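The structures considered in this document are given below.
What follows is chain A paired twice: with chain B in the first complex and chain C in the second.
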Partner chain A sequence: MVQTASREARGPLTQAFFDRIAAVAEGEKLKACIQCGICSGSCPLGFAMQYPPRRLIASLRAGVMEQVLQSNTPWLCVACYTCTARCPSAVGITDMLFPAMREALLMQGVGVPGELQTALENTFRHGNPLGEPPSKRADWIQEVDVPVTDLSADPREVDILWLVECYPAYHVRAKETVKALARTLHALGADFGVLGQEERCVGDSQRLVGENGLFEMLVEENGKTLDRFQFRQIIVTDPHAYNALKNEYPKYGVNYPVQHYTQYLASRLEELRPMLGELNHTITFHDPCYLGRRNGEYEAPRQLIQAIPGVTFVEMERNRENGLCCGGGGGGMWLDSFAYEYAKERLSEKRVREAARTGADVMAVCCPNDLLRFEDAVKVVGLEGKLVVKDIIELIDEARKG
Partner chain B sequence: MLDIVVPIKQVPDLVEELEIDPSGTALGLERTRFVVNELDDHALEQALLLKEKHQAQVSVIALDVGDVEETLFMALAKGVDQAIKISGDFGPAPDNHTTARVLKDVLGGLSHNLILTGVQAIDDLDGQLGILLSSYLDLPYVGLVSGVQIDEGGSKATVLKELPGGVKAELELPLPAVLGIQAAEQPPRYVPVSRVRQAMRTATIEERSAAAEGNGHIRVRRISKPQVGAGAELLEGSSEDIAEQIVGILADRGILR
Partner chain C sequence: MVGATEQKRRIGVYICHCPTTVVDSADVDELREFASRLPSVVVARGCEAGCSERGQNVIKDDIRNLRLDRVVVAGCSPHTHESTFRRACRDAGLNPYLFQIANIGEQCSWAQRNGNGHKPKALLQAAVRRAYHLEPLQSREVPVNPNVLVIGGGIAGIQAALRLADSGHKVYLVEREPSIGGRMMQLDKVFPTLEDSSYILSPKMTAVACHPYIQLMTYSEVVDVAGRVGNFRLKVRRKPHYVDESKCTGCGVCVANCPLKRPSEFDLGLGKRKIIYTSFSQAVPNIPVIDRDRCLYFDRGTCRVCERLCEHRAIDFDQQERIEDIEVGAIIVATGYDLFDPSPMSRYGYKQLGNVLTSLEFERMCSATGPTGGAIRLNDGSAPESVAIIHCVGSRDRNYFDYCSRVCCMYALKYSLLTRERTNADVFQFYIDMHCCGKGSEEFYRHASERGSKFVRGEVAEVTDQAITAEERGKLTVVAEDTLLGRRIRIPVDMVILCPAMTPRRDTEEMARLLGLARGADGFFLERQPKVEPTATSSNGVFVVGCAQGPRDITDTIAQASAAAAEVLAMINGGKVEIEATSAAVDESLCSGCKVCLALCPYDAISFIEDKKACQISDVECKGCGVCVAGCPAGAISANQFTDKQILAEIEGLLADAKPPPLAV
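Up next is the complex of A and B:
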């Protein structure tokens, strides 16, 4: 790596950052940057960053990082993966560079936004970023009218272990998607169970926010928990959990077949299709970054929506690998007021306007962050009554009853 | 060298619902998770800020109650120099009189210019620990402190107190002294989990034992949850209907004419 500033001249913050970069295998790849600027041009929040990615990498290669680390840049990334997906030199901007900057800031205790700190402390103490009681993680089971096996109370072998994840398990709105999925799995005769009180956050956003120690702790704990149960495969409600279990957990030896729920349901579409009644909606679909751009799954959600009779499906102008992020990834859920201070408009607000421009009356999503952020954004930009945000599983559940 | 001692206390974590012991005179602590008392965490933060300014030596001491080791390791991860866990026959929820008597014996063997403790704890709202310690050790005490400055020679402290009615007071007192902290000058810092785990692997918690003599002579007669009141009236209907009903109610009660 090209370094003009001497090691001695570095402050502890800059030193912590370079130590981290040196410790990861992909750190070497930073050399391959050709300064083309596609990253900065692609970044949905680059306009608000004091150091957009290209400029950030230029500073890094000059060995001058103190100002960059002290700027607003490290906390504005929402880990949408657009820059990394488009980078011609395959520089790990999302997975390596931003987490390394954030880790240095966390380790030195410099400028950690308060709402993020609370989410991390909650994850450490209670296994979820919301600070909800661990004992109430499976309370939603009482609210659904089909049997759901809580494996923490009834440990038996199941075909499918369903990791519900935090927002779906606790959040009053996101819980509706969990109930809808439970009903649909039951209708398909799937043999499934949940971990109940034993489930803890999978932790992908905590990783991307630079809290690597917390992520490793969660991997160890979740690895031990998963080892104790017998199942054929995992399904998850949250694309971020899907990403972590597919791409990150195996690095620590925790290796289980995993599908996002849309992939599982798409694999059983021929059984599902005859159950679906008509829904008269024009529907557009927002690709979650961690199902689509990061993991290349664009078809399963579209197949499910298009399987519903009566639906007119329309694409947004930016779709698939070009889809605009909701702003909630990479810790964005816990950095909302920080991002708003500099960007003055949430990505979710831009995105619901894009959805409304298609003429759709329903914006379909399949990530809990999307559901919560877009529903708020619809209210903020005054689209109430014109555009409804629904998870795909809610549409399937409605069509199945209808 | 400025030596700061921070006595900290474990209290039940309110994320889970509290249970009352079948005796009806105590909390049921069997399934309770504990957390550091919030104002003690502020006292620790204030100590760390002083350490950064004055190269002070900071010791954290706690009675062996609840999940105290986790809290002590977190304090070590944040940068305190010494963590001491005191075991003894003081039961799972010692009152402040018992705690103060145990702590004064341990403090007798520890060098201290400044003792910082949270001004009160959420489990008893008693607020007397700092006061009791100051009388046992014959030191000056100021409570409800939200800012601390130490002079160059380390011989006196200037402390900030926020009084009711939007008035601030600056008080000066000689060291050594005891301060009851209401708020640190900045929110308690974040400590990364890797630091905590490293502390758990490499740092040591010193163990002391101390005899608990007597208590505060106060007997808990009953602990209970508040009775849920009846008589709430829920207004139903459209926004316009509800607004009209509210106006009607306010007019009925003579608030609107």
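Up next is the complex of A and C:
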């Protein structure tokens, strides 16, 4: 239990926050901060925060949180994990501190940006933040030229259960990656199926944005759904889903072997390699925060890119554990205009400039957030025609045809 | 339970208490009352500070007056207090092995302030029952071999060796590198006096070289250790120099004419050395070695320039590695530290960006005998106009090393002064907290501040060469939060010096196994007791000094090395050491000769006697660890002081008043 030394009267907001911190197993550890400031120095949006993480923790320790909670700080974190990964005192800034602040604000209904509110309501009502009907989740199967088993219609035992996740299932651009992955899995002879309209959002961003109740509801629903199907392992299209299934779901007893699709394909690289024709591109790669920094997988995506004949691979200056976030994580996808108001530039715009500086003509990604945000950013900063954003699976699919 | 047929015992029980440790005085009476009712107990007393002279006298008087034949003290840890009480028993005419501690200090009152409830009684009852079965043992005294081995020829090892040798004892000083000198030799100046490191070290090295009582074994490693305190037997691997030490005069002609160069280990790759080389110019001994892996002769049989030019015919390509046996009574471990390689902390750009150095590399650059002759230079040869020094690189960091490396703040201030003096560059100190606690350190901090160092309180987030302003172009930009201003800053500099953590040597684990040493959570060798036995270790007769035990500065290292020398001298001058009576023995009638114990014994104390078809334990080698006792499938081995009878009685005592758990239905 974090205690306060201050005489400041605790408003309901501050009280809600401290109650939440007290309820979290690791809450005590927040006090171990040595105020070194590496979090604030490392935070990609710290410059725009009224209370960057170090100052936020100093306020927490002093027990004066009211102003902090009402500042822009709680909604600017994009959960990129840089501060937490670098923190010498292992303070859970991303996983604990920010969600606790946001939860207090959500509970008290104070200052919650409208765009976020909508995404959360959509998730609650429709099982996806886009507000699309669940019945349309598997519509993409009609658009792809290989057979895909929809287990909700045809329940049978499969080797691989593929959780497609929301943006890839519904978003017109992200859907292309899903089709490409379906084709590649088919070409590899993988025995796979999807949950179709039974699938719900995995909910990692809802967790990080402070809607713990919604997250727990999704864990329960998804846990029950997964229980009903027979499969050996899960693969996911979205690194955030990978993170939740790997690190969060097991805390609730939902425990299945899970791989990001790049990890699965890398494990079958020797079968995949002979299928790949030449692609003449100079490619750079953006590490998704929740595949790389949070979960330490840096190699699988690089192995796939480098397996394509004809490709020149170049690294951005900030790569791997130092990679810059696209700005879409931790609810950032639903807080875009809020963040823009204070930062005056999107992280995705910064990042595509960094990618262009490498001389690459393709910026490879493997997270649906990255794909959508970087494509927009390329247009905003005027790099159209110079830099193309592609998911790794699209490159693999192209190379396979070519 | 003590049966009616068993022998009568006369056990005295003392419930120790003092103001801050062990039981509250209110509990003393209850415990005393409890003890007095236990079988065979003839006296039970509360005893304030039993380890004091007064307390000891109470026990001694009781032994004499009440004819006690067993003594139990409920109090502090046997680790710290057993020897004191054993001595009291012996003084009063009781065999010291008839004494037993109930450790209610550590196991009850230290662990929990309230609610000990039944536990002290259980422990006390266990101790009394065990005491009943204790048997008198004779500790043995063995003569001490007065020779001493010092492992590691840095400042710690040099100091310890000189102190011991000066007192007239033979010292073997074993050093892995071709020269002694260690890390201190790599340093330029030392804080806070700013004396030349080699200037104060060289005389000591020379003293070692010509000391009649020091046998210097450089380019050598200890590979095997047998025996025990007072009489260790060791094997030392002597690596071939390919130069005959008895003929070489150290004239240097071979080195000067060797045609090939490679990066110098001593200069951390900043400078070059020849293939036949001495580590540095003041090397002790001044005998070169040939780097066999890169020598043209060993590679393809050609060259031989050194052999041709050596007037003394000292080059000997046929020299072989040899193992030398030595015997000593005590060992001082002074193996030093490794510097953390900061490349995994990729955000600092080490080995990726130019002009990012570690502290030790900067020391070599500052040294007059270093690759730049002491000039502080960038890769392009120019002098820096601004330098950033980053503290706590890997130290105080739970992702790397939890502890503070203790010397970095001070040497970082030294770098400020040296850089200001030699280049006029702006110096930025990026620190978390300034830890300047030694004598003269605060004054040094003030001095460096007055000389214009710029202090930024904030751990650096990143070092980058990606400029975002004109001012940053062509520079290294240091990004951090200035935590005192609460502002994120970007400072362009020419050079970045990292202060990496001091870490245990890479082979610490191997060395620990060889010498039977324990390691702390930080990975360094563990001292026996941090306050009162700071150089002794869990292995009797083996002492650890300097950075092998944890980060410390030269001042502390020298003090500690001298302290260990004094410990060793006290032992040697006594002429004899007492060896614990605890040992194991084989009942030959039960031994099946399976030899399982032979492989288990860590001290090679067990041998198989062919004609008896049974194993035998040498009680000189046996340290009573009990591994064989537990491992013997026939139950043929027992350890005195830990007999089955004693242990079972102890368990019975522990459980005597325990309620049985509810039966499972």
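Observations on the model:
Definition applied: the second predicted complex is superposed on the first by the 394 of 402 C-alpha atoms of A that agree within 3 Å, B and C clash if a C-alpha of one lies under 4 Å from a C-alpha of the other, contacts with A are read in each partner's own complex, and residues count from 1 in each chain.
Operating definition for what follows: a contact is a pair of C-beta atoms (placed from the backbone, for glycine too) under 8 Å apart; a residue touches a chain by one contact, two chains touch by 3 or more.
Computed from a predicted model, the values in this text were never measured in an experiment.
Considered on the superposed chain A, chain B and chain C are sterically compatible, since they fit side by side.
In the superposition on chain A, A:Arg54 contacts chain C only, with no contact to chain B.
Using the contact criterion defined above for the overlaid structures, shared-chain residue A:Ala90 touches chain C, although it does not reach chain B.
Once the two complexes are laid over each other on the shared chain, residue contacts for A:Pro301 go to neither chain B nor chain C. Legend: residue contacts after superposition of the two complexes on their common chain; A:Pro133 is shown touching chain B, with no touch to chain C.
In the superposition on chain A, A:Pro239 makes contact with neither chain B nor chain C. By the touch criterion defined above, A:Asn322 reaches chain C but does not reach chain B. Using the contact criterion defined above for the overlaid structures, shared-chain residue A:Gly109 touches chain B, although it does not reach chain C.
Centres of mass aside, this uses C-alpha centres: at chain A, the angle toward chain B and chain C in the superposed model is 140 degrees, to the nearest 10. In the superposition on chain A, A:Ser40 makes contact with chain C only, while chain B stays out of contact range.
Using the contact criterion defined above for the overlaid structures, shared-chain residue A:Pro99 touches neither chain B nor chain C, since it reaches no partner.
Least inter-chain distance for chain B and chain C in the combined superposition, rounded to the nearest angstrom, is 34, based on C-alpha atoms. The interface of chain A with chain B does not overlap its interface with chain C at any residue.
Of all the residues in chain A, the ones that touch chain C in their complex are 34-42, 46-47, 52, 54-55, 85-90, 317-318, 320-322, 354, 357. For chain B in complex with chain A, the residues that touch the partner chain are 13, 15-17, 33, 35, 187, 189-197. Against chain B, in their complex, chain A makes its touches with residues 103, 106-107, 109, 112, 114, 117, 120-121, 124-126, 131-135, 211-214, 216-217. Across the interface of their complex, chain A is touched by residues 346-347, 392, 396-399, 432-433, 457-462, 464-466, 479-483, 486, 488 of chain C.
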